[in-house]
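The block underneath contains the structure these notes are about, expressed in structure tokens.
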Amino acid sequence: QPSAAPSQAAVVSGAPDVCTSDAFGCAVFKPGEVVKLGMGAPMTGGNGSYGVDISQGASIAVTDAGDVKGWKFALDAQDDGGTAEGGASVANKFVTDPAIVAIAGHIFTDATRAAMPIYEKAGIPMLSPSNTVADLTTLGSAVFNRIAFSDTNQGNAAGDYLFNTLKVKDLAILHDGSSYGKGLADTVAAQFAKDGGTVVATQAITPGETDFTAVLSAVASKNPGAVYFGGYAAEGSILVNQMKQTGLENAVFFGDDGTYGVDFLTHVGANGEGAFATIAPASPDSAAKTAFNAAYLAQFGKEAGSLSPYTWAGYDSAAILANAVKAVAVVGSDGNLYVPRAALMAAVRATKDYVGLSGTFTCQSNGECNAGLPQFVVVQNGAWVAVQ
Amino acid sequence: MILNIENINVHYGAIQALKDVSFNLNEGEIVTLIGANGAGKSTCLNTISGILHPTSGRVTFIDEEITNTSPQDIVKKHMIQVPEGRKIFASMSVWENLEMGAYIHSDRSQIKKRIDQVFERFPRLKERRNQPGGTLSGGEQQMLAISRGLMAEPRVLLLDEPSMGLAPILVEQIFDIIREINHNGTSILLVEQNALMALSIADRGYVLDSGKVVLEGKADDLLRNPMVIKAYLGGEAIGSEL
Amino acid sequence: MNTSLRKSIRPGATIGIVHIFFVLIGFNMLVAILFARVSGVKQPDAIPAPVYLMAYSITMGIWAGVAAAQKRKQEFRQVAFAGCVAGGFAGIMAGLLEFGLAIILVKNINVRDVLTVLSANFIKGTLFGMQPAMGVMVTVMLFALGGTLGGALVAFWNSTPFQAFLNRGIRFTKDSVQKAQGVTHGKNRLLWQIASISLLALAVVFLPLNWGSYWNYVLGTVGLYVVLGLGLNIAVGLSGQLVLGFIAFFAIGAYSMALLNAPLPYHLMWGFWPALVLGVLLAAVAGLLLGLPLMRLRGDYLAIVTLGFGEIIRILLKSDVLTAYTGGPRGIQNIGGPTIFGRPFVTDVDFMYLIIGAMLLAMFIYSRLQNSRTGRAWLAIREDETVARASGVNTVRYKLLALVIGAAFAGLAGAIFASRNQFTGPEEHSLMASINVLSLIIVGGLGSIPGTIMGAFALKGLPEILREFENYRLLAFGALLVAMMLSKPDGFIPSRRPKFQIPIQPETREAPKEQDHD
Amino acid sequence: MHALSLPTLAVKGARFKKVAHVFDLLRPILGAIVLAFIAYRLYQVLIVQQEYGADTWTRLLISGLIIGGVYALIAIGYTLVYGILFMINFAHGEVMMLGAYAGLFAFQAFNAIQVGGQAQTSFLNAYPVLAILLAFVIGMFISAAIGYFLEKIAYRPLRKAPRLVPLISAIGASIFLQNAAQLLFSPQLREVTNPDILRRGAGWTISINNANVIIPYTGVFTFVLSVLLLIALYIIVRKTRLGRSMRAVALDKKTAALMGVDVDRTISQTFIISGALAGAAGVMWGLHNGMVYFYVGFIPGIKAFTAAVLGGIGNLPGAMLGGLVLGIVESVGPAALGIDFQLKDVLAFVILIIVLTFRPSGLLGEVLAEEKV
Amino acid sequence: MIDYIIRAKEVTKTFGGLTAVNAVDLDVAEGSIYSIIGPNGAGKTTLFNCISGFYTPEQGDILFKGKSLKGSSTDVIASRGLSRTYQNIRLFSNLTALENVMVGQQSRLRENWLDAIVHSPTFRREERNSIVEGMKWLDFVGLLEFSNAIAGSLPYGAQRRLEIARALGNRPSLLLLDEPTAGMNPQETLRMTALIRKLRDAFNITIILIEHDMHVVMDISDRITVLDFGEKIAEGKPGEIQTNQKVIEAYLGSGGAALAQKYQRKKPQ
């Protein structure tokens, strides 16, 4: 175990100067110890697949990251259930572990909200692969960053796209009642209305259920030209399937980055033809991505992306954090490794033009690292195809 | 000997309810167990029926040890208990209760015939045959309980306080019936508070006190035993005015 | 001999099945990793060195051996042999499994679509990195070895010298306990009480300072669940009304705090204390309103309706209908903390004190109510509502009272909880949370205060302790919950009935006067 | 012996009486308000707004009946177990989930087996009826086995314990089973491969209001099968020896044993039947909705439990009725009252509360008019 | 002029098609011991249930101390001074004996839950009195040594007596006993009879009794009503009832003694 708590680190003889000047001091690692990245994610319960998947993606990143001046990285993924209580408890656990230098997470918004103030006090940077709720980056947090879209970006673009490009006049809005899905759906609805379209129905579904024919029938009676869905692939694919038997067979299904993924394709089959989703603008098939996919399949026995759409983002967030650690870590005169914490926070936020598996990221001063406009994709012949 | 109990000890957790109790029942006999409340009479019957298992001792039924046999297997040997407190299946009708009594039999027509016999004996039950057992009056329930026990065609019948809560006229009737059942070849082990009546129809009797057999003998002898008279017959000798 | 062999095979088979299950979920690796960590490896690989997996096999064997040898009063050799048979049998099952795994490995069959953990590396690891045949053989041997060890252990435990040694120890502790009781009951009783209370007080004052933020957080949660548990205990443990959606009242407390004391959506900023009071009151009122139409319901009907009530509250809180007022699924953030005499009260330590205070208050009120006419009325209702009523208990009133007071407790816990997390959202108040509260009071011992505390530790502390088990945490938790109930059906610390004595002052001093009764 | 002074008691019931009256008054008032509200909303939606056409209503009704049928089937399992042990088998939803997995893997395997020489088809499509039958047998067998062991391990030792104790044990078992499934099969959502004759989404098309309303094959299959299973079960419980012993054990275990009933066996059999029904429900769920994962049992479990109580817990026809009513309320209710579908569960629970307020033992539950003391 | 504590007029109670109690009149004088006898299923317990408020009679009215009981729930009736015991013992079996009695005192105690929290003087006085008086009632029925024992663990006879003590908790002026000596042997029965008599003599409690043991009934009753098929077939002093031909036919039979003799004679020896 690292010998000293972060705040005391500066006093240790042999510590480099940065530690004295650093607002939060340094994390110290004796030779042979590991530099830990934390992750708070739901590993159990109804959303377990997200946590399991993203942590698996991140664990590959940690292996790929190699070492920092001879010290190895490790991922400490803890189950926070996606709830505020779990988030706070995991965050409190992480801040008492001096070996944790940064957090690749959290994954669900509630957990992030409760965890943020705790990391803020300890000076541990976060980089969430999946928190999209718009206001998270407006709270003035010095530690919170994300590579996920902000709902605002994605939602506005989707609203415009639906009205201007797809020429939809009547839109039905569905969401899963989560802060992610609802936030997105609200934004789309507002933008679509602003553009001059009509939102003919707004309904929420209950995640975890598998029969949405009733609500779809009700929506169908409004004859929408398209159905926008804010939510995840599990419910999204069921909706696409059931739209075909409820009188919505001619409406366009328009999803989000949560419904994108191979999993969606396998579930919807032919029903999915013409369904839209949004993704980060990235070259979908880089060599790195191919390598990652192979590694993921080999290690975890599943196709990357079959548990959640955030596999690659999970990889990216851990990889970016590892890069930042490499940039700031110093070996002291005593042979220990020192990671200055405030400097690390700054380094994470200074990420620029990082080309990852799920996009190219440049962090802004508010922690928004994915400012680019989303890319729209559509299912054609059973595959996702980018559209202009 | 159709039923033989040898030195059984029974515990409820830490409480010992029976201490080295031995008694027996011969084919065709009526034997009664009498004793104060909590003496352990019901415990005896439950041990014989396999509801309770003794910590030591043996129970044999016609040369066959049944000490740790399960209740349903004991019932299959046609040894039937009519439990204390009637224990009617409350939401089953009178008819269904009787059917339950014949659970070990499967011949429907036989069952039907025996139900008719019961109704002949207790016209009251026939009137109530579709009423849920739980809404019968106490006495009606007692009639039902005994009838239910008879439905299985018992070879040995264990009766636990059959006269409890019955009108005097019915008590008479019940004892008549017990006698009759016995005449038809069923051996009977009768537990009773009404010691006078019980000893009057029994061949032999055992007196239980605090889990021990303190006295045993011919029923007539017991009826004359001063101690029995004092403790269990209300201090009055047989034949005195009631 | 034959039957005794069969008796040993049964536990062996059981453990064999458990082992197969463990392997199929990859739990054997985790145990091996934990072994590795315990023996000093800092960062064990995902497939740790074979020694550790062998240690796992021996452990399973010991388990089988102990299971087979227990309750057997035979001589050493026989018991050890029984253990060996059990371990061996489990080992044979393990060997069969490994044989199957080896086939999968050699023939390169992909079963991972169904059973995810069975990667080639995993199988190789499970076979100790040996040739399949060798691995199988070694497994069987290790299991049998473990079994023998387990049997020997039990035999040693049962052996006369050891038991004698143990008895001496027990007698010693008993003696000292009795001596201590002599102190607690003798004339030094007051002194003793003062001493123990001040010791407790000292612990309460100083421990939070040294726990660190993680344990303060976890124990704070435990403390809040004690308050919740006591509230639910009033309804379930005392008055016998099975309330399943209890967390709804917690939610009402939390949202009152949030809406009244956060910048968004209303910027009311009433401050912590007024919000706390209102939260408690609103929760109590909710208890009353829920209770009114339901007073005729008994048992499980009440359970499902209250479950429904909990869900109604949660769904409404996150629904589009109330989004404008409650923040919808997003919840409410930046909830303010308390101030005392102008000093903001915000660190984890501060909150720990606040929670300890709330806990003491709840325990105080609970114990006072429990030993009063009200408490007895509740108990009577729990035991037999019909007869309680006919004995003069106004059952409707008391049942409502139980719900109201219980709800108030929950409101208190909820308000503090929201303020401590600085956030509350609808998913914080899910059915699982209600179930947790119910479980904790039963695991602890229905109706008892120390039981509630133990239960809160078990239900909220255990999952934190089980973090070592990573993804197997909830699996272990579920299994432990079952095991706890099986081994202690009345809970850890069942409630006891009070023993009354005739009060020292006879009634001559204050005889029941005539006018008392009209 | 102490001499007791026993003063005569003055009448002081008046205060209590008033309180009692308030509660008795409250119920009808509450009922009137709710009914008035429902009537008003119905009037608004059906007459004034006329938001939905006949086609939509038909679709909603179909959807309600199908889901209601499955709820009924799961609810029966709750009711059976409740009837015999008076315990809420919280792990029942998980038993169903494991049945769904079994069905999923069975279909997957049948689809992988190739038969028929040249025109290669899978076993699944070559002998669809047989395949479906087998899948159901496998699903029901697995769930029945889980139910059996569940009772044996987690509930039987607690038979004499206070009533809430097995409930907690059941909760523990539920958590365990859910996580075991997640760990064994990964948290992935899986797709059930239906045979072509029961393709998901395909169905008879009828035309209402110039709109095509699809009656899905899977839905009809599910509904019909549920009803058949329920009838079979009803016959078992009412007419067979097993049914009689189940009722006797439910009423009084000790006396049942004195009648010759093997109590343990009867309880085991009850769990086996209830498990098998849950398994069937699980396989159907997979066929109809297509999606199977470790959490798939949780929500239906809660819903079915609600349905069982709505119908009168312990009452078999009640569970069927409760399931159907719940299904229909969930799908037709929000549309009929013009509220968000998001609030369908709120609606369902509110209806439950109202029903229980007026019929405290559910729709068909025995009305304990006057307890005999 | 006699004071009647209970005046029942034409009380009728039916279950479905069955008339369990049919237009029964009942006048019980204050301070008397009154017995209700009759064959099983005659409606005795049902009549008790009507009086104590468990059932609402379809017809007729019951006046308790001059005031109608109509529409009063069981707790209100209990608080007016009417207590009862049950044919099948219904104790709060997980509470101690004393607690059972203290529950019986509920309607007389003045403390409320706020008093309990702050331990107000009212609370202290009431609790102390409650314990003292509870102990006295336990002593009275001979259960003082069992005061802290769990009620369910008591022997049967003790449980019956505890039920009486609980019923006495609210200092009733009328006590309904449903087969208090059922399942007791003669000795215990004698003790119970003495206890009942003492309740009336020492505390002036009126007692209505259902009983099948004719020793007891004839011994202590001031008046007896005989029910059969829900109807009153006779009423009067013990002597009158004993010789009433209708009663003998419907209920008493030969009186048991004859039966005992009969079997004695039938025995082979």
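We just call them A, B, C, D and E in the order they show up, numbering each chain from 1.
Note that a residue touches a chain if its C-beta (ideal position, glycine included) is under 8 Å from a C-beta of that chain, and two chains touch if they have at least 3 such contacts.
Predicted, not measured: the structure shown is a model, and the values here were computed from it.
Listed by label, the chains touching subunit B and subunit C alike are D, E. Highest inter-chain contact count (C-beta pairs) belongs to C-D. Averaged C-alpha coordinates put the centre of subunit A at 33 Å from the centre of subunit C. A separation of 46 Å divides the Cα centre of subunit D from that of subunit E.
Note: centroid distance subunit C to subunit D, computed from Cα atoms, is 29 Å. The geometric centre of subunit A is 74 Å away from that of subunit E, both derived from CA atoms. Taken residue by residue, subunit D touches two or more other chains at 7, 9, 12, 16, 20, 179, 186, 340, 342, 345, 371-373, whereas all remaining positions touch fewer. In subunit A, the residues that reach two or more other chains under the touch definition are 44-45, 52, 177, 202, 204, 300-302.
The multi-chain contact residues of subunit C, meaning those touching 2 or more other chains, are 116-117, 319-320, 386-387, 390, 394, 471, 474, 512, 517.
Subunit B contributes residues 34, 36-38, 85, 124, 131, 135-140, 142-143, 161, 164-173, 175-176, 179, 193, 195-197, 200-201, 220, 231-235, 238-242 to its touches with subunit E in the complex. Those residues of subunit A lying in contact with subunit C across their complex are 32-34, 43-45, 52, 72, 74, 77-79, 82-85, 88-89, 92-93, 95-96, 109-110, 113-114, 117-118, 133, 135, 139, 177-179, 182-183, 202, 204, 298-302.
Taken together, the subunit D residues at the contact with subunit B in this complex read 241, 244-245, 247-248, 251-252, 254-263, 366, 372. Subunit B makes touch with subunit D in their complex at residues 49-51, 70-72, 75-76, 80-81, 83, 87, 89-92, 96, 99-101, 103-104, 106, 134-135, 148, 152. Residues of subunit E touching subunit B in their complex: 15, 18, 37-43, 45, 87-88, 155-157, 179, 182-190, 212, 214-215, 250-257, 259-261, 263-264, 267, 269.
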